[in-house]
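Next, two complexes with subunit A in common: one pairs it with subunit B, the other with subunit C.
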Partner chain A sequence: MIFMSAGIAAAAGILSLLCCRRGGLAGVAGVAGTFLSVIAGIVGICTSPPSGVSLLFMLPTLILAPAAAVHSVAYIKGHGNPGIYWGFFNLTVATMLALPLLKEDFLEFLIIWELMGVFSFVLVMFNYKAEELKRVAWIYLLACEAGGLLLMLFYALSFKTGAPRELFYIAGVAGFGLKAGFPLLHLWLPEAHPAAPAPVSAIMSGAMINLGLFGIVVFVFPGMDASLCGWTLLILGGISTLGGILFALPQDNLKRLLAYSSIENIGIISMALGCTFLGGAFKNNSMIVFGILGTILHIINHALLKGTLFLGAGQVYCSSGTLSIDRMGGMMKKTPVTGSCFTAAAVGLSGLPPFNGFIGELMIYLAAFSGICSGVWQLRIAGIAAALILSLTGACAVAAFAKAVGGTFLGEPRHVDDCKKESVWMYGPMLFLLFLSLLIVFSVPFTVPCIFKVLNVSTIDYASTGVQKILFCAASFSALFYVLSTLLLLFRRFVRVRGNENAAGPTWDCGYAKPSARMEYTGSALIQCLGDLFNSFLQIRRKIEPPQGLFPKKASFQWESPDGAERFFWAPVFTFFAGVSDKVHKFQSGYLHMYVLIMTIVIIAMVVWAIIS
Partner chain B sequence: MIYWILNLILALLLAPVLFGVLNKVKAFFAGRKGPRIMQTWYDIFKLLRKGTVYSTSTTWIFKFAPVGTLAALAIAMLFLPLGFTESPLRFQGDALLFLYMLGLGRILTVLGALDTASSFEGMGAARELEFSIISEGTMLLLLIFLALQSGSCELSSMFCGRGGSFWLKAAPAMVLAAVALYVVLLTESCRVPVDDPETHLELTMIHEAMILDNSGPDLAFIHYGAGLKLWIFGAILTALVIPADTFVPWAATVIMTAGCFLIAVFVGITESMMARYRFLKVPQMLMGGFCMAFAALALLLISGGVK
Partner chain C sequence: MNMAVDLVLTAFLGICLMLSASSRLVHCVRLVAFQGILLGIMPLLMWNWSNAAPGMEIWGAAFVNIIVKGVLLPVLLLRAMRKAGVKRELEPLAGYSWSLLIVSVAGAMALWLSRSLNIPGVPVLAIPAAAVTVFTGLFIIISRRKALTQSLGFLAFENGIALFGAAMHLEYGFFVEMGILLDVLVLVFVMGIAVFQISREFEHIDADRLNLLTDNVEVK
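Right after this comes the complex of A and B.
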């Protein structure tokens, strides 16, 4: 039954592809197919539940697919051939639904995994006429294929008995890490997300990159030392988290910022998993319980909130025609519902209460603090590092999202004048996702026993950690925030009723008579101090053309922050290999006598080699 | 529990008075008479009776920001060991909820500032974001420090469950932690040398720049919230330094209240003795606080004051 959901999605995809010429028909088939497959998936889960891990990695797809499908209806209007879009959208969803179920046989998994890469590649370059997309598509394809190659190596090594375990381990972690955006391997994320259509980014970021972690946990880790697994995830996750959020800060492209934030969140999930494994290695019950819950909650929270944010970015792009934060501003007045949803999701994803982002991070913090209080020095170091990284990341995320929200939605419009109105097809799914987020905050305390029953691990004693009480308290204080704010709002209203009137006027700009939108602080300006603070890591590129002379006419200032891994690691590596292949190329001179000479030398060398050995 | 509630009421009533004391100290150093001790309360009541001017640039976020900030600060206060009594609302992990409620207040203030489209408020917001990253990291290190000392993640138990002898076990670490917390206090409550709330130039403010456009009851909420924040950090610093949880309740209450006012006096003296740092220099000072907290943690782990 549960495989049927993937089957339906695949069938709907093929059907939509067949209706390539008839856009409307393809759309109907696409949306209906997505919804049917999701319903089939939910029915399948209820009738014959899959294992806990599979369920966990299916859930984000099941939630995000229908939301993204509804959003796509409005998004792809006038953006290209709907048949192709819906076809590959459903095929991608089908592969993503099938993957978590295929944890028995790696070969099947690998085939579907490769298919997922190819299908999503078509979606990423759906808007193929754009010039900059060529580079992006190339990078995405390379990343997918490099991951596939590493996984094939991993598969081959798993058969060879004498093969070094280290190589096996590294190949697996790197192969899956390419999808999960681990440090240095994250290169495709900030390129592919801004280029892909917004609903596709939502699915890729919320559900697809998690699958990399699924692969690591299910295929690479079994049989490995738990403490090694824990440290790997913790260290890689920690670097991803901090690096991701620091590079998110200076980005001007809204979706690029969100893509870096995805790297950060996958890092947080890895850290939570790492804490779980370390807790397992040192038999620390509370660390395991909090770690597992933190992982589960953060995967789902990230899917919901990042989905909302990417869909919001899609609406912003459709309304204003740009994704540059510095060019927008004041979108809240044109797209109020989108703006409000985006703000709420941004606050939630910074890990702040009263949204669901907080309870996930609370669990991870508690896992870290359990390690700190445990008395084992490895756990203590791990806990201190994890907690410190989480808090620094939280504060940086506040800054990054304050920039995203403030620059895009608040204040006055800077360059975008004719902004289209928002459409209910686009903000409806966002409201749905946000509703689910709130539902999670208040339902999790009651579902904890259920979660551990599904996980089916009898060795974990969740009751002794008091986790239910903690979640219940967190939910109550979130509720208290709503209540208290409402009371204060009512109080303000009451005070106001008693005769003092409100007035409206321009913003008081410290005596300046005619403030204009050009004087407003842009997103980049907001982050400039932070960029300077972390410049030794970010290496921001500045291009200054200072005003000259008595009556300066022209002056300009530009700053951009290209990816550090690309600039300082991959670019030199690729330049080196390009240089080497240039040199090797000289042998291919086209002269016959040169080839004969080379062959003679080789033969002589081989003979000498044979004699010596 | 009764004592905790009485302490809470005391804190809610006395928090704005801290500014009165602080300003009196500053006035004393400047040879002035200074505003009355209860001046902040008078200001709040005056503002509550006034109308509000909302800029045409703003949206609901600007209107909600002061309310949400105050609510977040009030909730953060519920986990404190007020009067050295464990909070009845405590739970494992409330220390982090406390930290994140302060963060929620911060992002709401920042968003409210950005909503006005004013360059000065943007400037204030940018600085607030920069400094808060370091001070939040310092705060977390101090929480880890306390968790190690007390073996608990409950904010109240962190302070009350350490036993009386923690000074004997790790005196150098305690001194470092207290200084680091004082730096955080100065940052979070926007005082000299990080921020000067009384400068006449908007260009050089942080917190006051962010609330330039607020007026009426909104401004009253903000002033009251600032008082609460100073009380929160004063109470934490007092509870960190003084092992008074074994005292009789009324004595503990007196000590905590006196501690908060003493810290206000200290802040006043600090403000009178030194000028605000240049903004480029502030992160250095905050990093100093961060390093001190880190050193305190390391010293604690080495010297073995760990429970």
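Right after this comes the complex of A and C.
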């Protein structure tokens, strides 16, 4: 039954591809197929539940796929061939639903994994007529295929008995890490996410990159030393988290910022998993419990909230025609529901209290603190590192999202003139995802026993850690907040009815005779102090043309922050190899004589070598 | 019998030297045709006649080899030559004295290197003769300009490989031989037609000037 959901999605995808001449029919088949497959998946989970790990990594897809499908209906209108979009959308969803179930046989998994890469590649370059997309598509394909190659090496090494374990381990972690966006391997994320259609970014960011972690946990770690696994995840995750959020700060492209935030969140999930593994290695019960809960909650929270954010970015793009935060501004007036949803999700993803993001990060903090309190020096170091990184990241995340929300939605429009209105097809899914986030806040305290029952680990004693009590506290605190804020809103409405004197005026009309949008703080201006603080790490490129003279006419300021790994690691590496291949290419002279000569020399050399040795 | 085999193998070596040093195309075609006939009778000479008469397939292979390599292909090449109006290889990339020197050195190297490859039942000269023939074929392809001479080189190259097979008594030699023969036949056919077409289009058949279709855009 559960496999049927993937089957239905695949069938719907092929059906949509078949009727790609008729856009409307393809759209109906696509949306219906996605919904049917999700329903089949839920029924399948209820009737014959898969193992806990599979379920955990299926859930984001099951939640995000229908939301993204509904959003796509409005998004892809006038954006190319809908038949192709829906076809590959459903095929990608099918592979993503099937992957977590294929944990018995690695070969099957690898085939579906490669298919997922290829299908999503088509989605990423759906808007293929745009010139700048060629580079992005190339990077994405390269990342997918490099990952596949490493995984094939991993598969081959698993058969060789005398093969070094280290190579096996590194190949597996790097192969899956390419999908999960581990440090240095994250290169494709900030490129592919801004270029892909927003619903596709939502699915890829919320559900697909998690599958990299799934692969690592299910295929690479069994048989390995638990503390090694834990340290690997903790260190890689820590670097991802910090690097991701620091590079998110100065980004001007809204979706690029969100992509870096995805790197950060995958890092947080890895750190939570790392804490769990370390707890397991040193038999620390509370660290395991909090670590597992943190992992589960953060995977689902990230899927919900990042899905909302990407869908919101899609709405913003459709309305304003740009993704540049510095060019937008004042979108809240035209797209109020989207703006509110985006703000709520941003608050949640920053890990601020009333939302579900807070509960997930609270669990991870608690895992880190129980490591610090444990008395084992390894766990102490791990706990201190995790807690420090998390707190620094939390602060930076707040700044990054303040910039994203403030720059995009608040103030006056800076460069965008004709902003289109929002559509219910686009904000409906966002409301749905936010509703689920609220549901999580209040249902988690009750579902903790259920979670541990599904995980089916009898050695973990969750009751002794008092986790349920903590969650109850958090939930009631959130409830209190919601009640208070509702009261406040009602009160404000009441006051407004009574005193009718507030009038609508331009934003920030304080003291200036004629305020204009050019006086506003842009997103970059807001974040400049943080950018300066971390400049030794970010290496921001600045181009300043200061005002000169007593009556300056022209002044300009530009800054951009290209990816550090690309600039300082991959670009030199690829330039080197390009140089080598250029030299090799000289052999292809076009002269038949030269080709035969080279061949002959090689043959003679081989014969001489064979005879002599 | 052994005497005859050695004689034929020596003839192979001699033909290689002559091929590398002659500029007249008719002469070269005749040399390759002669090489083909010698190749055809090789298996018959190698046969141990005191035990039993050779079977049908040996006779068949010899016959087909002589007909195709000794008669059919040379006739085709001569026709192509006449049609394209080429008589001599005028400006080889490596001069004739140099060619002679290189092939001689290669022959000496082959004789010296093959000392260590002493396979029982195989004539001592067979392996160096085959190797030199292969080398000469490749060398002609590398060092001559005309497409016709190059297809001659390819024929000589193939003869060398076939000599290897005949000398080593390869199993299923017959079928392999026929397969290779078919390849060569098709190639020479195609070359014959192509040479004619190319000479009509470009008024020359110099392969070193036919590099305009290369992928490498920097080459003019």
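The rule is short, and it goes like this: the second predicted complex is superposed on the first by the 547 of 613 C-alpha atoms of A that agree within 3 Å, B and C clash if a C-alpha of one lies under 4 Å from a C-alpha of the other, contacts with A are read in each partner's own complex, and residues count from 1 in each chain.
In this section, a contact is a pair of C-beta atoms (placed from the backbone, for glycine too) under 8 Å apart; a residue touches a chain by one contact, two chains touch by 3 or more.
Nothing here was measured: the structure is a model prediction, and the numbers come from that model.
When the two complexes are overlaid on their common chain A, residue A:H593 makes contact with subunit C while staying clear of subunit B. By the touch criterion defined above, A:A94 lies against neither subunit B nor subunit C after alignment on the C-alpha atoms of chain A.
Applying the stated contact rule after C-alpha superposition, one finds that A:H585 touches subunit C and leaves subunit B untouched.
By the touch criterion defined above, A:G466 reaches subunit B but does not reach subunit C.
In the superposed model, A:A40 lies in contact with neither subunit B nor subunit C.
When the two complexes are overlaid on their common chain A, residue A:L213 makes contact with neither subunit B nor subunit C.
Counting the residues of subunit A touched by each of subunit B and subunit C gives the higher count for B. Within subunit A, not a single residue is touched by subunit B in the first complex and by subunit C in the second.
Residue ranges on subunit A touching subunit B, taken from their complex, read 329-330, 332-333, 336, 339-340, 343, 347, 350-354, 358, 361-362, 365-366, 369, 372-373, 375, 380, 384, 387-388, 391-392, 394-396, 398-399, 401-402, 405-407, 409-412, 466, 469-470, 473-474, 477, 480-481, 484-485, 488-489, 492, 495-496, 498, 500-510, 515, 517, 519-521, 525-530, 533. By the touch rule above, subunit B contacts subunit A in their complex via residues 48-61, 64, 67-68, 70-72, 74-75, 78, 89, 91-94, 96-97, 99-101, 103-104, 106-107, 110-111, 114-123, 125-127, 129-130, 132-133, 136-137, 139-141, 144, 147-148, 151-153, 202, 212-213, 216-218, 221, 279, 283, 297, 301, 306. Contacts from subunit A toward subunit C in the complex involve residues 585, 588-593, 596-597, 599-600, 604, 607-608, 611. Across the complex, subunit C meets subunit A through its residues 93, 113, 116-117, 131, 135, 138-139, 141-143, 150, 207-208, 210-216, 219.
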